[in-house]
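Labels run A, B and C following the written order; every chain starts at residue 1.
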Amino acid sequence: MGYIFDLRGVLSGQYFDWFLIGLAVTIALTCAAWCLAMTMGIILTLIRMIPFRPFEWFVALYVEYHRNVPLLVQIFVWYFGVPSLLPRPARQWINGHHGEFLLATIALGLAAAAYVAEDIRSGIRSIPKAQNEAARSIGFGYLGAMGYVVLPQAIRIAVPPLINQTLLLFKNTSLAMAIGVGELTYRTREVESYTFKTFEAFAVATAIYLAISFGIMACGAYAGRRLKLENA
Amino acid sequence: MIQFESVDKWYGAMQALAGVSGEVRRGEVKVLVGPSGCGKSTLIRTVTRLEAIQGGRVLVDGVDVGARGVNINRLRQRVGFVFQAYNLFPHLSAIGNITLGLTKLRKMGKAEARERALAELARVGLAAKAEEMPGKLSGGQRQRVAIARSLAMDPEVMLFDEPTSALDPEMVGEVLAAIKQLATNGMTMICVTHEMGFAREVADEVWFMERGAVVERGRPADLINSSAHPRLQRFLRTLA
Amino acid sequence: MLEILQNNWLLFLVGQYPHGPIGGLAMTLFMALTALALCFPFAICLALARLSPYRWLRLSATAIVHTVRGLPLIMFIFWTYFFSPLIIGRAVGGVETLIIALVVYEAAYLSEIIRAGIQGLPKGQFEAASALGLGYWTTTWKIVLPQALHNMLPSMVSQFVSTIKETSLGYVISAHEMTFAASQVNNVLLTQPFEVYAILALTYFVLCFALTSLARYIERRISAGRVAVATPAVAVAV
């Protein structure tokens, strides 16, 4: 095709900066949404432990909504829908303060929280009842048995899937481009439309995504090996 | 020390214990035998309320275990329980399994707890394995750590639920030796086991259970060899 | 909300059809089904390659799967969007682009499910097959895959749900599916974005939740069947 692959065009001057900014926003979005997801995931787990039916239903509904509605649609509901329900001053504040970043964080974080809550729950469920009984037999109460015996083991089991959730969250930040958050995919398209170097622009973005994803995957594999416990 | 007063236990429509009565005095060793599913585990689990009961009473030191307001966690510290499947905490080392209760419940200092735990491990012959993770120990070693874990809480009574039946034959001896030593030192115990040699040596009394009830009881020598208890004899033959 | 639905339900269901291209829910389902069906052979090949005794085959399949898992779907969509016209030599529409991207993407994920399904089979199955003197391909086609696929049925339904959700990304390349239809409705109405997107979310929810529940039901049926088969074996052992 006579096409010459040349990265200089997209990696020089301002375009290089655009990639850097995009990467920074992607990482910031990942971290912010991750914190929200963990907090909310733990809160959901705690709510679910309260033996009161409506609370269980609420968490179940929360989880099912976030698992069965496309993430992009959830982002649209937050970005286009929710502000329209707020009073005018709140809306103006959002518009003036990078509302798209904030709302994307909320949408991504709350959706990931549903998966986090499920991972923590299956971690807890996978601890045999006998472990709890053994702790109770020594004289620990519900909280002691939970805190010193069940949770420490459950967390070890939940960490590898949670790292996988982190990978998915990182990849999903790319959807925020659809509401104009200037993250990596969004900047890549900008570089592409300014330079017309489509192949190079997307090659750079792909390399960045892969490098970070492989890093996260390696962490997951390492954690899986390190945290594995032999039954006793 | 422990009294069962016509204890009834139901799992749904299935009656697991039917009016069990009996007493274990301080310093006594009782051995529970009986066919699978007759309710042996259920009976000793009622002592520390691992199973709630629907009728009758279980008393420990005169206190009704099932009564409202009983501090069950305190009571469980006084009654050690050893499980068939060891149930060591796999995320803690052998010594960590033992110090957990000491530091968190007894509020001992770290150094003191370690010292105490090491003493208990030495008592069951495992001082050298203190830092090992449970997954790296043999079945017999795990069960001995589990016994040490219970003993560290200074229990007044020990309950054993088939402590050797998950073990390879060559490891049964080491665990039984540890339990025998306890008995010699005057520990009150109820032990579910099918090791009749062990029963003959240490038990003050053997209780034979069938379908949720204690149907025969007596000194091991009397029970095991007498022909007056045909059902027990038949059961013992199935063991051999 | 009801009013919006009353005036636009056709757009949600089939897009601008018959006055324009078919779209909406119909297109969403069509794309998901097509993508899943087309990726199936690739997924099986990838799974077999990952389990193959040949090192180079195993490694390259592993590399493909990990690369796909490491990239956002949207990156695939853009790669396909820009480069499939160059490769095919003519303009490629949004729907085709999305289907191609989804086939590649889903094949990697589906291959992992198939691989797990094969690895989950009892080893005795392979031994029994080789004891009968069956070759690799006969074993694979007649014994391994049928069982693995049967056990994987629930995961497959879940994968279909994922695919349905992923078709929503067609929006970014203006493929006419349901999310795109909703954005068109929103652009016309302008004043009721929450209602429009709530309808959209609810539609996806009903569809995907029904399928998820179906997956759970099948899962229960299959594991109940397994217990029934396993019980006599235990009885014999005792």
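The rule is simple: a contact is a pair of C-beta atoms (placed from the backbone, for glycine too) under 8 Å apart; a residue touches a chain by one contact, two chains touch by 3 or more.
Model, not experiment: these values are computed from the prediction.
Q: Hey, how would you classify the chain contact layout here, line, ring, star, complete or other?
A: Here the contact pattern is a line, an open path with two ends.
Q: Could you name the chain whose CA centroid falls nearest to the centroid of all protein CA atoms?
A: The most central chain here turns out to be A.
Q: With chain centres taken as the means of their Cα atoms, state the distance from chain B to chain C in Å.
A: 53
Q: Between chain A and chain B, what distance separates the C-alpha centroids? Give it in angstrom.
A: About 48 Å separates the centre of chain A from that of chain B.
Q: I'd like the Å distance between the centres of chain A and chain C, where a centre is the mean of that chain's Cα atoms.
A: Centre separation, chain A to chain C: 21 Å.
Q: With touch defined as at the start, can you tell me which chain C residues reach chain A in the complex?
A: Answer in residue numbers: 66-67, 69-75, 78-79, 82-83, 86, 161, 164-169, 171-172, 179, 182-183, 186, 192-198, 200-201, 204-205, 208-209, 212.
Q: Please give the residue numbers of chain B that touch chain A in the complex, ascending.
A: 48, 50, 73-74, 76-77, 80-81, 83, 85-91, 100-101, 104-105, 133-137, 142, 149-150, 153
Q: Once bound in the complex, which stretches of chain A touch chain B?
A: 130-131, 133-141, 144, 148-149, 152-153, 156, 229-232
Q: Can you check the complex and tell me which residues of chain A touch chain C?
A: Residue positions touching the partner: 1, 64-65, 67-74, 76-77, 80-82, 84-85, 167, 171-175, 177-178, 185, 188-189, 198-199, 202, 205-206, 209-210, 213-214, 217.
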